[in-house]
Each structure stands twice: as C-alpha cells, then as structure tokens.
Amino acid sequence: MQGQNQQQAYDRGITIFSPDGRLYQVEYAREAVKRGTASIGVRTPEGVVLVVDKRTRSPLLEGSSVEKLHKVDDHVGAASAGHVADARQLIDFARQQSQVEHVRYDEPIGVRTLTKNVTDHIQQYTQVGGARPFGVALLIAGVSDGEPRLFETDPSGTSNEWKAVAIGSDRAAIQEYLEDEYETDLTVEDGVKLALRALQEGREDALEGDGVGVAVVDADTETFRELSTEETEEYVADLE
Amino acid sequence: MQGQNQQQAYDRGITIFSPDGRLYQVEYAREAVKRGTASIGVRTPEGVVLVVDKRTRSPLLEGSSVEKLHKVDDHVGAASAGHVADARQLIDFARQQSQVEHVRYDEPIGVRTLTKNVTDHIQQYTQVGGARPFGVALLIAGVSDGEPRLFETDPSGTSNEWKAVAIGSDRAAIQEYLEDEYETDLTVEDGVKLALRALQEGREDALEGDGVGVAVVDADTETFRELSTEETEEYVADLE
Amino acid sequence: MQGQNQQQAYDRGITIFSPDGRLYQVEYAREAVKRGTASIGVRTPEGVVLVVDKRTRSPLLEGSSVEKLHKVDDHVGAASAGHVADARQLIDFARQQSQVEHVRYDEPIGVRTLTKNVTDHIQQYTQVGGARPFGVALLIAGVSDGEPRLFETDPSGTSNEWKAVAIGSDRAAIQEYLEDEYETDLTVEDGVKLALRALQEGREDALEGDGVGVAVVDADTETFRELSTEETEEYVADLE
Amino acid sequence: MQGQNQQQAYDRGITIFSPDGRLYQVEYAREAVKRGTASIGVRTPEGVVLVVDKRTRSPLLEGSSVEKLHKVDDHVGAASAGHVADARQLIDFARQQSQVEHVRYDEPIGVRTLTKNVTDHIQQYTQVGGARPFGVALLIAGVSDGEPRLFETDPSGTSNEWKAVAIGSDRAAIQEYLEDEYETDLTVEDGVKLALRALQEGREDALEGDGVGVAVVDADTETFRELSTEETEEYVADLE
Amino acid sequence: MQGQNQQQAYDRGITIFSPDGRLYQVEYAREAVKRGTASIGVRTPEGVVLVVDKRTRSPLLEGSSVEKLHKVDDHVGAASAGHVADARQLIDFARQQSQVEHVRYDEPIGVRTLTKNVTDHIQQYTQVGGARPFGVALLIAGVSDGEPRLFETDPSGTSNEWKAVAIGSDRAAIQEYLEDEYETDLTVEDGVKLALRALQEGREDALEGDGVGVAVVDADTETFRELSTEETEEYVADLE
Amino acid sequence: MQGQNQQQAYDRGITIFSPDGRLYQVEYAREAVKRGTASIGVRTPEGVVLVVDKRTRSPLLEGSSVEKLHKVDDHVGAASAGHVADARQLIDFARQQSQVEHVRYDEPIGVRTLTKNVTDHIQQYTQVGGARPFGVALLIAGVSDGEPRLFETDPSGTSNEWKAVAIGSDRAAIQEYLEDEYETDLTVEDGVKLALRALQEGREDALEGDGVGVAVVDADTETFRELSTEETEEYVADLE
Amino acid sequence: MQGQNQQQAYDRGITIFSPDGRLYQVEYAREAVKRGTASIGVRTPEGVVLVVDKRTRSPLLEGSSVEKLHKVDDHVGAASAGHVADARQLIDFARQQSQVEHVRYDEPIGVRTLTKNVTDHIQQYTQVGGARPFGVALLIAGVSDGEPRLFETDPSGTSNEWKAVAIGSDRAAIQEYLEDEYETDLTVEDGVKLALRALQEGREDALEGDGVGVAVVDADTETFRELSTEETEEYVADLE
C-alpha cells in the first residue's frame, strides 16, 4: 500500500511523474471537473444534443449568466464542467482557432481538428512548468461534412469521441444510465429527453426548467442553437 | 478526515490543485474579500444601485479617501470588497479596457464584455506562476442598450449576473436579507433603501451618513453618479 | 538497503541524478508507458506490422477515436503506448520533421533519421529543467530504400531497432512470446497473426475485432495502411 | 487557535495568501515601518506640517544626513518611517512621476495623483514574485489647487487621506494624542506645535532641537520648506 | 564519518558544492557512466583502436542499432559509455564542431581541440543551473598531424589523454588488465586483440562476435573505420 | 522568546521580511562586514583622513595588494571593510558613476550624489531576488565645493554622514574612542594620529607601519592621496 | 556551539550569507581547491617560477594532458589547483581578456589588470544566482614593465600578490616551508629549486621528473616558457 505520505511527496510539483507513472496534478484537475455540475452530450443522426445542469445558489442570481453552454462557431458548440474561469479560457481559444480556420481556408473548421487544437493547448499546461493544468472538461459538439460529432476533452489533453457521454459530478451514474438507454437511431427530440432523464438520474431533487440548459447542433442546418427557457421548460415538464 | 496537515501541503504553491480539485490560493483570496467591509448592489428597472460600507478607523481619516466606489466609465461604476490596492489595479484595468473600446469602436463598452475582460485578467493570475491571485471582489454596475446590468467578479475569475448581491464581510446575512426583501419592480430610491437596510442588517452598530457611500447608474441617462454626503445622510436618517 | 526514503529524495527534481546514476523521472515516465495498453511491432521481409490494443471503457466510446495508431508520412507509421496527449505531441513533431525533409530535400525522410530526430527531442525534456519527460513510448515503422525498419523510442530518448517488439502493459509476457515464436521469413499476414497471438498472450479476456487496431507499412509500395475493422475482425476471428 | 506553526507555513513565499486571507510579507513589512522612528503629519488650512524624529545613535553622526524628510517637488514633500533605503527608492520614484507630469502637461502633479502612482508601484511588489514589498510608509504632503492635502501610503499599496496622522514607532500613542488635540482651524504654527507635542508624547526622553526635523508645505505659496535647525530649536524650546 | 544524511543534503541542487568541495551531481553522473557497458580505447603507433561491449537484452534487438561507436569526422571516432541519449547529444555537438572547423579553416579539426570543445560544453552543464550534467563518458580517438591520439572525457568536463583506457562498467578490472599488458609498440591488430582480451576480463560470460563492436582510426590513412561483423567475429574467435 | 528556530525559518530567502520586520540576509551581510579588519574615517576642516588595517597573514604576501584603500576620482577616495571582492565591485561602480558625471556635466561628481548612487545600487540587491546583498561597508571620503565630506554605506543601502566613524571588526571599541577624543578643529595631521590611535585601541598587538594604510583627501587641493609606506611608518613610530 | 545543523541550513542556497556573515558555497569551493594537487609560485628578480604537481593515477595516462600549467599570453602564465574543468574556463577567459587588450590598445595586458578582470568574473558567480562558484584557485605569473608579478585568485574573487605562494593540497605545509626558506634575491634557478623542495615537503613519496611541471616567465625576455621533461628531470635529480 502506497498510502497518503508518498502521494504528498509527488503532487506539489506540477509537471512531474509519481513513481507509478501518474501525473497527480492532472488527476487533481480531474477532481475539479467532478466538483462541477454535470454536462451531457448525446449524438443522434439528426444532430448533437448538449444538456447542462445550471442550478443556481440563489434566486437572485441570473441563471443566464451561468457559463456552461458556449457557442464556438456557427456549426460548433461546447458544454463544460469544472472550473468556470478555466472553461472560458478554453472556449476563447477554441473560438480563435475557429476564426483562424475561416480566415486561412475560408471554410468551417472540422470538429475533430478543433478538438485536437484544444487538447494540444491543454497538454502544454501539463508538461511545461510555470502553470497548472486546466481544471475543466469540455464536450465539443458539431457537424463536419454533414456528420454529427461529439468529442470530450479532459485535463490531461486526451480527447475521445462518444455516442453519448457525461462530464462533471455524478458522471458514473449518468454514464451508466446512458449506456443502458442509448440507441443509435434517436431523433434530436429523443436525445434531449434521454439527456434530461439521465441528468435527473444523477440528482436527488427534481429538475426545473430554469435550472437546465439545452442546446442542439442540427445536422441539416449545421447550426448551433441554444433552446429558449420556454422550450426547455416544456421538455422538463414532459419528463414526469 | 483530511484536516489541517494535508491542507498545509497544498496551499504554498500558487497555481496547483489540491487532491480534491480545489485551488487553495484562490480560496484564501476569497477570505481576503471577506475581511473587507461589505459592498452591495441592487438592480432595478430604473438603474443599478451600489452601496458600500466606508466606516473609518479614526475621526482624522478622510472618509472620501476610502476607495470602495469607483467610476469606470460614464455608464459603468464598480464597488469593491477586499484588498484595497488590488481593487485599484482591477479598476485601472477596467478603465483601460473601456477606453480601448471607445477608441476602437467609438461606442461605450458593454457591461458584460467589460466584466469578461476583467475576469479573464483575474483568471491569468490563478493559472500562471509568479504572482498571487487578486484578493478582491468587484460589483460592476452599468447600463447596456438601456438595460441595467449588475455583475460580480470573484478571485477565481468567475463572473455572475445578479438582481441583487453582497460581497465582503457578513455577505451571508446581507444576501439572505436581500433574498427575502428584493422585488423586481423597485424604484432606484427603493433600491438604495433596500441596500442600506441590508447593510444595517449585517452590522451591530447603527449606520451613519459619512460611513456609507452610495452610487447609482441611471438607466435613462446611462450615467454613473456618486451621491453627495448630504443625499446619503438623508437616506440614512430615513432608515429609522 | 537504499529503500523508500532515499528514493523519495531524488525523484522530485526532474533533471537530476540519483546517487546510483539513475534519472528517476525518466524511470517513472517508463511506468506511465507500462500503464498504457500494449502496442506490438513485427518486421517481416514484406513490410512492418503494427498491432495495438484499443479496448474501450464504454460501449458508447468510439473506438476509432482511441489514438494509438498514427500515420506519420506515406511510408512511415507509428504505434504508441502510455500518456495519450504526450504521444500526440511526439507524432506531431515527427510529422513536421517529415514535412521539413520533403521540403528541403524533396525526398522521403529515412526511418532511422526520423527516429533520431524524435529521440533528440525527447532527450531535451530529460536534461533541461522546466518540463517533465514524455510519458510515452513509440514504435516507428517504415520503409527506407526498400528495407522495412522498426524502431522503438523510450522516455529517456534512447532508440533501438527491433525485429519484433512490444511496448506498454504486459510487455514482458508479450516480448517473451515474440522471442519464442518470431521467425525472420514471415509474410506480412504471418506477422499480423503473430502480433495478434502475442497480444492475446498478454490479456486475460479474448480479443475482439473492434478492440484491436492493425496497420502495415508495405515494403513494395512503401505505404502505410491501417486495416479496416472488417479486415481486423477477420484476423481476430481466425485466431481461434 | 492557529498559533505560531501555521503562521510559519505561510510567510516564506512573498506573494501568497494565508488561509485567513492575509499577506504576511506585507504585514511583516509593516513591522519594519514600526521599527523606524516616528513621523507625523498635520493638515491645517494654512498648509501641511511634517515633523520627523531624527534622533542619532552617535554625536559624531551628522543629523542632516538622516533621510526622513524629502522634497518631492516644489509643492510636495514627504516624510518616511521604516527601511531607509526603501524610502529613498520610493521618493526617487515620486520625483520621477512629478517630473514626467511637468514635462507632459506643463503643470504640477496633483497630490492625489502622485500618491496613486506611488501606491500602484508599491502594490506591484506585493503581487508579482521575485521581490519583497517595500518596508516603509510615507506621508505625502502637498497643495493641489490651493488645497492642503496629506496622504499616507503603507506597504500594501493602500493610501488614505488624513487630517493628522503618525507613522512609525509609537504610532498608536501619537495618533491617540492627535485625535484628542487636533482642531480643524489650526494655524501652521499651531500645527507644528501639535505635532511636536504629539511626538514628545510617544517618547520617554525630552525632544532636542537637532533630533527633530520640521517641514511645511504652505498653502499660499504652494512651496515645500524645511525649517532651519534654529527655527526648530525655538519650537522645541517653547514646548516646555 | 559524514555518512548518509549529510550527503542527502547536498545532492539535490545541481550546481552546488558539498562541504568537502565535491559536486555530487557530477559524481552521480559518473555512476550513470558505470551503469553502461564498457568501452575500451588502445593507442598504437599505427592507429587508435576502439572496442565496445554491445551485448543486447533480446535476440530480437538489432545489435547494429546499439549506439556505442560513432564516426565524428573522417579522421575521428568516438566510443561512449553511460546514458545513451546523452551520448548522442555530445556526438552531435562534436560533429558540428568538426564541420565548423572545416568551413572556417578548410582543414580537419585537431583531436585535442575537438576534445576541448566537447569538455567545455560538458562543463557548462555542471556550473550553470537549469540542467543536469551529461551522464556519459566518451573516448575520442583520432589522428592529428599523423599522430594517433586517444582522449577520455568525463561528466565533470575533465579530459585526459591515454595510451589505453576503459570507461563504463568494470572499468577498474579492465584498466588493471590494460596496465599489465599494454606495450607501446603494438600493431593495430595487437591493439584490437588486447582490447578484446581486456573486455573479456571484465565479463563473466564469453564474448560473442555480434556482441562486440570494433573500430580503428588508421594513422596512415587518417580514416575512421568500423569493422564488419565478420571481421569482428574472426577476432573474437581467435581469442581462445 | 523567538529563539533559534524561528530565525532559521526566515533567513534562507534573500528578499523576505521576518515577522518582526527585519531583513536577515542584510543583517548577515553586516556580519561579513564585522569579519573584515577595521577602516576608519576622520573629517577635519583641512580634509578627510582614511586609515585602514592591512595586517597580512604571511610575510610573503605583498601588503600593497591588500585592497582596502581605493581612489575613486581625483577628489574622492574610499575605504572598505568586509568581503573583498564585493568591495571591488562597488568601487568599480562608483568609478563609473564618477566618470559618467565628468562626461555628462564636465564637473566632478558631488560626494553626496556619488554616495546616493552607490547606496541605490546596494539597495537593489536587498529587494530584488536572484542575488545576495553586498557583504561590505564603505567609507566614502571627498571634497565637494571645498567642503570635506565623509559618508558611510552599509549592506542595507543606508548612508550616513559622519564626523568620524569606524567600520569592520572592533567597530564598537574604536567608535567609542573616536567619540571621546574627536574634536572639530583638528588638522589633517591630528586626524591621522587620532585614527591610528583609535585603530590601536581596537587591537591587541602594536601597529606596524606596513600593516596600516593611510590616505587623505585634501580640502584645498581637492585631491585624494595615499601616503607612502615611509610616511605611514613615521606616523606609527610617533604613536608611542 | 553552532555545529552541524545550523551549517546545513545555510549552505544549500548558493548566494546567501550565513548568520555569521560567511558564504558557505564559496568556502566549499575552497575545499575543492584543497582536493587538487598543489601548485607553487616563486617570484625572483629574474622572473617568476611556477611548479605544479602532475602525479597521474595510471602509467597509461599521458602526463602532458594533465592541465595544470597554462600559457595565457606571451608574457603571462598560470598554474591551477582544484576543479580541472573550471580552471580551463577561467584560463580561456583570461586569454580572451588578454587578446582584447592587444586588439584595443596594441600592448600587452598588465598582470594586475588581467588578475582583476579574472577575479571580477569569479565574483559574479558568488553573488548572482543560477550558477555555482568556480572551484579552482589560480596563480597568475607574468611580467609588467619589466617587473615580475605573481598573483593568486581564490573562489571568492579575492586576489593577492605574493613573493611566493602555494595553492592546493598541503598548502599549509608548503607555505610554511616557503616562508622559512624564501629569499628576495633568488635566481630563477634557485626559485625552481626552492619550489621543488617545497613541493617535496608536502608529499610523502619522492618527486619524479614526469610527475612535475615547471614553467618560468623570464623578466628580461618577458616570455612564458614551460620546461621540457628533460630539464625538469634534471632539476628533480639534483634535489637529492
């Protein structure tokens, strides 16, 4: 048993390995992700659905200012979980990459390419000294060549493509629900419902419309759109 | 139980995560905010109200030199709580951003944009080594496109938009009072009174006119104005 | 007996020697390699075979997004084991080196030269401060002047040429199998089978087609090609 | 009880917060201020008075070389307490700021503006790594638009405006005396006497003329003038 | 007795002296040299012989890829012992120095000059912070003005010229053998045999042809040449 | 009682304050001054006298090479105590400042100005990281506008003007002697004798002519001159 | 008693003072000098003699490659003791300084000036962070304006001029011998003999001609010359 003491010896320097080959700072950054409320992505043939938990601490807080759903480009959106200010940095970086692609090649950036650029950026913060890793995970949803794509980035700079995936608190429970219930031929509407039910699964209290954010990247129009509070509330009301 | 010892191990380096995914230096900076006297913001349809506690330690100290209310631009003001010299740096930064916008686009900076720029600046000090986080929270009040807006920034670089909010010492008690008493259709005058009563709630001794600062960003004129001592004293006198 | 305590004293600084002349950070990076699933290379007169273990954690994860097989140039490919994001950096570096050679000399880069460039890059991260070593090993497979070549790089920046070799978890068992079963006059088809059987040797559960990736650099065409899932599944099915 | 041990853990790094939100290095720099002999400022309608304690350790030391009263500009002077060499750096900085203003705008720098520039400079040394805070406090006395102004700067970079204030050793006793005896309609002559009596209050031995320095910024002439030893001795003799 | 504890105190910083005037990091780098298999140099009037131990860990490893013998220039070669990737850096540096000399003076670099340049480079890594010393020793063999020369470099940046010398594991035993058996009037053939017998002396198992590398810098032709495996095997076979 | 332990906690970092507001590294540098042999300055109306203790460890050492008396400019000289190599750096700096003044203003640098420049330089090494303070004190003697001036600099960057002063070992005893015996109307000759007797006071063995250095800056000629060994020996002989 | 523990606290940082005002790293560098074999300098009216101990560890080592005697310029030579690679750096630096003087002023550099330049270079490594001090002492022998000069440099950057001096191991015994036997009117031949006898004094075994190096800077010809092995052996043979 390695135990507590040894662990302490390795996690103070940001860019070093522990004797068993792990980067503790990166793993602690993953804990920062788990501290954030959940975000869920579901890919359907018709488009990609992003659902985020936006519960606020106070009725006086404007829910619309909770930064969890982000438009990156016309055809790409993202949902985040973890350190809010870090997420904003990565989203800004993604937007710049997207703009650069427009300017250079006069065409929309590929979702996979965009994800690679973002994770390369993240990786730098895990290898070079003088900064800490990003304490945030992203779901990057978009359409490339008519194909809906859904990628996840984690604090190590690894990316994975998913049919459906959750990040943030209660990931394990939500992911298990998704694995049980996901089907490949969902409509977008089905996808939203699946994601909301999965989110409910990971929570003790009932969802409320203004505590949830929903966005869709439509495969046909190749457009990111965040649903209005009304639309969202309707979905939530239908859950029961 | 993690306890005291483990905590000590993680809070000496400024940019690293603890095993449970927290950035201790940022949380300690939040303690610096709590050490400062309170500031309160209240948004009304007619404009945004900022009220600050300016109690001085000595009768020989000029209350007017207590830096808690700051004009940022014609249409934006700010109130701070926490480390005074840090607040001055952020306010200077906000003013520069505001001027840059004027010069570049010949129009006033949006309150949300301004807040984003400020929090991006704050975030840098939490991720890159060689400096400590800012030990201050700001309330940024302004008018964009005729709409009153009220944002809070915290030492992590997170921003939130509020209907009414308090920062600094006794935040919990004041915020609770605001949540109980706030109504959406307040006049500016009501807003000032609400904020003063909330501030009184968090203090043991009675407010005095020269120990309080009040400013308003008016929705119609889109102008930041700090109330004179006389106006303030009248409000305070009316509290009883 | 040197034991645990002494070891702790030397492994915190990234670029220093221990009293017995070892670079602990480099050895811990080797542990990161061992934590990764296995990759296998087999050289035959007809070409070089790369086989990688792509087992996924979840049925919702797209196996194709598991980054273990990489095309570097028309005539060169690579397989990795260890830290995924680090591997991506090295592969990007290798691709750049390859492009530079094309531009400068208008001819394909030699496999040995490419390997040297990559390992020089790796070595820098083991000697100069401010960064950690790369936590990844690569198998670089290619054809130079009609000759199939298979190189391994490790986190110290050492390279070796092999007839057949494994990296990643269970390396010992797989390598032993390869040493017992390897013959120099294999066909490419034999090579794939050998590698798959060796991979099976290191695992407890049976291989499945979509949990394995296979690529070949053909000696005649001097071309890297990743086999389709169908081709791979056929090979796996033939294993029994 | 937090106690000695915890404190030690946080005060070695110059730019970090303690768990209760304090910057220990800044507070220790305040101790350096307390180790210095006292300086006192008194604002009157006729001008601002600065009185400094110049006791020397040896009769062979030239009292005139004790650097505690500094002319900054024609209309601004300063008194310091704490680390002597640090004070000289800040005074040099203040003089440069003053000159820059003359060159840029062809008019004397405002006392408040000057103080802001100095405290911004001080703040940088409390946030960015690689240097320690300034171990000195200043009283900046001057006239702006005919108005006498008296500001204090502390090692955190905070500034305050005062009617009358003391810095350095025995601050508490002197300040208490000032609060009891200060009146707003003092003549400059009264101000000098008040400051000298306050200084005497904080000392056990009797003041002597060559152990005290006195300067005045006159509101009419807007001119800083250090009193001659003879003038000072006369004031001291009158104290009894 | 100074013992273990004191030693630990001094060997963590790379560029500092211990109380008895030693540079521990340099001495630990010497341990890295001892961990490498042996290399031997023998100078004869006809030329300089380099013999290296190339034992491989696995029959599947290509012995030719074991980097222990290096051509530096037409008239200079080198053998290394210790950290393989470090050796490659030094050899690259030596080759550059050699090329620079060709370009600048249009003549081959002197062996002594080349050695000096390499050891100056090594010394920098022992004095200036931010990097570790090179964990490798070199034997630099060449011909200058018709004279065979044989130099050794060590991790401190010291160089020595030898008639015959060994580096790497079992240096002591091999060197003793050389001191007993060396004669000044050897032929190159004798030199190779002496070196091989000396290498055998330091090993428990019998040498095999493909586990040994042999190179010669001929005094007449002033040319470095690595012997073919056949030639080497013949020599090894003759050992019995 | 603070004691030994606490002290150790604060003196390792060069630029930080201890809890009681002291800069330990600066105070330790003062100890380095005390470890040096004494230097004495005496100001008279006719000029400034510098006397230094030049005892050598060995009869084979050339006393003239002991660097304690330094000509800075025609009209300025200096005596040092403490770390010899550090003194040389400060003297070089002073000479450059002096030259710069000649070039810029075509007139000799003021002694006070020169001292300020030197102490500003010293102060930098006490505040900014990456270097240690200077372990040396200087006596700067010169003539400005016909007036003899004598300044002392210490490792904190503080300067003081003196009638007569000692630095280095036995400062306390020598200074006491000077305070008892100094008179303001001394001739230069009297000044030399006073300084020599004071130096004798601090030593157990009798002064010898070649173990002492004497220099004078003459008020009339405004010229620094080091006395010859013969002149010095005559003075020493006259002491009895 | 300060003892072992306290010492450990101060010697890890390279540029800081201990509480008693010493620079431990510099003192440890002096230990590195003592670990080196001895070098001796003797000044005579006819020239300066340098004698170095070149004992080699192995009969196969070329004594001529032991770097202890160095020609710096036509009229200047040097002998070193301590860290060999460090000595080479300082000698290179001295040669550059010498060349620069030739180029700038078209005349040979003064021996004192050269020594000052070298010791200024050494001092930098004792004050500024990021590097360790030089672990070597030099004897710099030369002729300036017809006068033989002999300087010693130490790791602190201090220089001294000597009639006769030893550096390296057994310095105390050798220096005592020199102090007993040195006379000012030696011939160069006498000087060589004195130095050799002094060197013998510090050793247990008898000197041998090829274990000693001798060089002379002749006062008439102003030329540095290293004696041939034959000349040296003759001197050694004459010792008995």
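Order of writing sets the chain letters: A, B, C, D, E, F and G. Residues in each chain are counted from 1.
What we mean here is this: a contact is a pair of C-beta atoms (placed from the backbone, for glycine too) under 8 Å apart; a residue touches a chain by one contact, two chains touch by 3 or more.
Just so you know, these numbers come straight off a predicted model, no measurement behind them.
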Separation of chain A from chain G, taking each centre as the mean of its C-alpha atoms, in whole Å: 68
Distance between the centres, which are taken as Cα means, of chain F and chain B, whole angstrom: 54
Cα-centroid distance, chain F relative to chain G, in whole angstrom: 30
Where chain B touches two or more other chains at once, by residue number: 12, 129-130
Pairwise touch network: line, ring, star, complete, or other: ring
Direction chain E, origin chain C - full chain order round the ring: C, E, G, F, D, B, A
Contact footprint of chain G on chain E as seen in their complex: 6, 9-10, 12-13, 15-23, 116, 119-120, 122-123, 126-130, 151, 156-165, 175, 178-179, 182
List of chain D residues in touch with chain F within their complex: 4, 7-8, 11-12, 14, 24-25, 28-35, 58-62, 64-67, 82-86, 88-89, 92, 125, 129-135
